[in-house]
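Here come two complexes built around subunit A, the first alongside subunit B, the second alongside subunit C.
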Partner chain A sequence: MSKETKPSVELRIPILKDMELVATNTADVIAKYMELSDEASGEISMALIEATINAFEHSESQKDIFINFTISDDELTIKVIDKGKGFDSEGIQIPDIDSKLKKQERKRGWGVMLIKELMDSVDYESGNDGTTLTMTKKKKNE
Partner chain B sequence: MFYKQKEFLKNVGGLEYFLGAQLVRYQEEAISYFREIEKSKAGLSKIDIHFLHEDYQVIFYPIFCKNETIGFVYGNNTIDNAKRLLSFSSHLSRKIAEIFYEKKIRKIESRASIKDLEFESIVQLTNMLSFCEDLSNETLEYILIHLVSLYAASKGMFILRDSNTNIYEVRATFEIQSEDLPKRMLTDNKGLLSELKNTNKTFLVKPDQFNLVKFVKQNSICSPIYFRGNLLGCIILADKESRRGFVNFSSKDANLFDSLTKEISLTINNLKLIDDLQSTNNLIDNIMTSIEAGIIKFTEFGEIEYVNKKAIDVIGLEREDIQNQYYGIIFAENESFLEVISNFEASESADNKVQIIKNVPYVNSDGISRTLDTTISPVFDKNNDRSGFILSFDDISDMQKVKTTFKKYVSGNIVDEILDDNSKTDLGGKLTNACVLFADIRGFTSFSEKTTASDLVAILNKYFTDMIDVVYEFNGTLDKIIGDELMVLFGIPNNSDQDCQNAVDCGITMFKRLDRFNEELEKHNNHKLKIGIGIHFGEVVAGNIGSDKQMNYTVIGDNVNQAARFCSHARPNEIIISESVYDNILNKSLFTDQIFINVKGKEKSIPVRSFTHKLT
Partner chain C sequence: MSKIISTEEHNNFLIVKTEGYFNKDLGELVISLVEENVKENKYHFILDLEQSKIVNSIGASILIEVIEILQEKDGSLSLCHMAPIIEKTFSIMGLTKYCNTFKSLEEAVAQ
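Showing the complex of A and B:
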């Protein structure tokens, strides 16, 4: 049986300043390739920035993080994998929007809440050897 | 930093590797291939590298970032799909590369724009400085604000030394609280100013390093301002602002600031020189205005360069109409005055001689006439070349008036003598030779008894007027009138060898004038006046005799008394002269041989000669 392998992109990103841009640029190219709308593409980029930076911060191991894009006809699945110690997704605090706005830290810390807003589904698998965040964006046929 | 490709390959695995033109079957071989390429330092991104995996079903194309593999695009190993994946991977690589290009370009751009900003600020500062006209606080504040914005400083201070008091003053500030301003007098004996004075350099100052900069939170740049080699002040910029809050000024900032303040120093030096020049000019102007003499400065070409107020008053034109005009035009109507200037110009010795010409008449455009005493002297520049000349004049019109009036009362000789030499008004005297003439009316008492008082005064006034006219004709000096007696001096204040001759001629003429006077008198009063005259020549004491309030310029001494005695000896129509007078006259034949008379106070009889007037 010939196994169907969906076209995929796998990135291994060192934890360095501005490397999240490599991820978002990749996401942009993929979104174009998949003919996603500009809006969807923007949402993916924003979610990816959050996920990547979260992974940078949570991954105390200082190792690289892995990002896997899996392209199918109707959706894009992105996995952000860090090899740091995991965290309890249930325990994540929803940030206080007002205080965040007042502190003018708009770029940072929206984290999971934002990702959930931006993507169609978000899922965490966390263990002692790291965390895998899986998020999908559905291709809407207008 | 970036992991090596071989490690990545190890992680990903793979069955068959296509490395450029080569097909490598085993991972180890692929790894050693990479090792070789690394050694040769050749770029890997150009190599068409891909590999197969999982039973040749999946094909991998690497994504490069800065010549490192950063990931893979993979999918089914069908021909169409492989092509798509390849173009996709290279597209991705390009896109990722763009991030770093863009970042690099942005970095360069922002650095360029900072440089641009600095350059523009310097140009602006230079422009701004060229418009500064004075050293007012506004100007200094203007400069300070410009520097503050150029350096993104949050505070600034401009300190300058007052050149009169030598005390440093805070002349301009930016965002400094009044409680942070120095409370004490600022000197360069200690603290920051002393440091600046000694090092002569721009330097970075930490907070709390000096009391003067206690308002600083982060650090500050202090730069000295110099004037003729001496510290004149300083500019302080503090606490550089950035998006991260206050940051330190760097040594680069200090270097640029140093050159900027040097330029500012230069401008301030210029402004200060202009200021000094202006105050010197004002001082000269004030002096020129306050002096009584008229001053006119001419260029070497005869243009009027400067006139003071007195000169303007005398000339009677506006300053603008006089200055920068050729003197020939301004003084065209005043020939004598014009001559004074042109003679000086023409004279060969004008190079270093001062020319004094007195009593020059001047009539201005309003028809007011004046008398001027002029002095012209050449002016030399610092190379000792003649650069023009200065005419100063005293308006002696008032003096002339005084003299004319004065002379009615006192002999003109004495007036001139007194006015010409102030020392003559001092009390005191000097021993000198003089010829003294006394003349008095004979039989005055019987005459006065027969005449009314008012007639008597009128007659006497007429008599004295006529006689004094004669005295003046012969350069005599009327010393005083004592009752009906006249005392006249010759040779006072200035001796001449004509003094005795003048005295004798004066006496003879007085008789003649008296004859005419008597003709008139006889018509009305049927009476005649007769006088006797005594003249003696000898040493007398001449000077101002009296008190501060009233003094008389007169002569005293035995010889004066002797002249008076001769007068009382003289009969009507007779002149008695001493031998000393006789020795000094030409018309000796008019006088008799020696006769001896006894006078009061002299034991011996004295030889005299006499002249008797005969009515013609």
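Showing the complex of A and C:
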């Protein structure tokens, strides 16, 4: 498959309530096609939910977001693309529940941490014209 | 649609069963229910997630607020019937450090 065009699925998602579930439904179908484990499928769905919500919220844009799934023999690559103003993923503090409970802190802000924990690789490219999150899940031989 | 499908008192616990995506809306329904019951001196809750197979971090963050409310009253939040990805998500967030977790409702009630 490596020298051929890899199969891909593209979604265009409007910024509407719960539309992140469109992405997870698609991911479920792709995970089954790739014969990924239920555990890997769940992790992909959770990471996609967080990535899509972040794209909705951080882009500060009413433009649709785009999600591209690329299937290869050994991994699934997902790109979540928004056309917002961009953000600094390195500047995001790692959340800590102990301090959130003790210091009356804002309780939210878990998305990037969850994505990094659940996926095998995560990369952000961000600029004034938007953000592209690229994340991969490797197919493990089980 | 995300909703609370039932509430039931059992021993010292209020059992809350939810259905659907555990998002901001469902989280807000749960915290409102907890706040109402705390006013009536009920401080121990079991959240049965058997019919909620998917969550987002906003819904989970509201559970942190629930824990905060209950900690002030020496109360408790127990979780049961969590789907594996929900349990993993709550574990990554550290939420399970502050909750009792059970495989079944029967185990949660018998704690």
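Keep this in mind: the second predicted complex is superposed on the first by the 127 of 142 C-alpha atoms of A that agree within 3 Å, B and C clash if a C-alpha of one lies under 4 Å from a C-alpha of the other, contacts with A are read in each partner's own complex, and residues count from 1 in each chain.
Throughout what follows, a contact is a pair of C-beta atoms (placed from the backbone, for glycine too) under 8 Å apart; a residue touches a chain by one contact, two chains touch by 3 or more.
Only a predicted model underlies this, so the values are computations on that prediction, with no experimental measurement involved.
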| item | value |
| --- | --- |
| Touched partner set for A:49, first subunit B, second subunit C, both or neither | second |
| Which superposed partner A:9 touches (first subunit B, second subunit C, both, neither) | first |
| Which superposed partner A:18 touches (first subunit B, second subunit C, both, neither) | both |
| First (subunit B), second (subunit C), both or neither touched by A:64 | first |
| Which superposed partner A:131 touches (first subunit B, second subunit C, both, neither) | neither |
| Which superposed partner A:26 touches (first subunit B, second subunit C, both, neither) | first |
| Residues of subunit A at both interfaces, subunit B in one complex, subunit C in the other | 18, 21 |
| Complex interface listing, subunit A residues touching subunit B | 2-14, 16, 18, 21-22, 25-26, 28-29, 33, 64, 67 |
| Residues of subunit C defined as touching subunit A within the complex | 21, 23, 54-58, 60-62, 64-65, 67-68, 71, 83-85, 88-89, 92-95, 97-98 |
| Subunit B to subunit A touching residues, read off their complex | 1-3, 8, 11-12, 54, 57-58, 63, 65, 70-76, 81, 84-85, 88, 91-92, 95-96, 98-99, 103 |
| Subunit C-facing residues of subunit A, complex | 18, 20-21, 24, 38-39, 42-43, 45-46, 49-50, 53, 95-98, 100-101, 107-108, 110-111, 113-114, 117-118 |
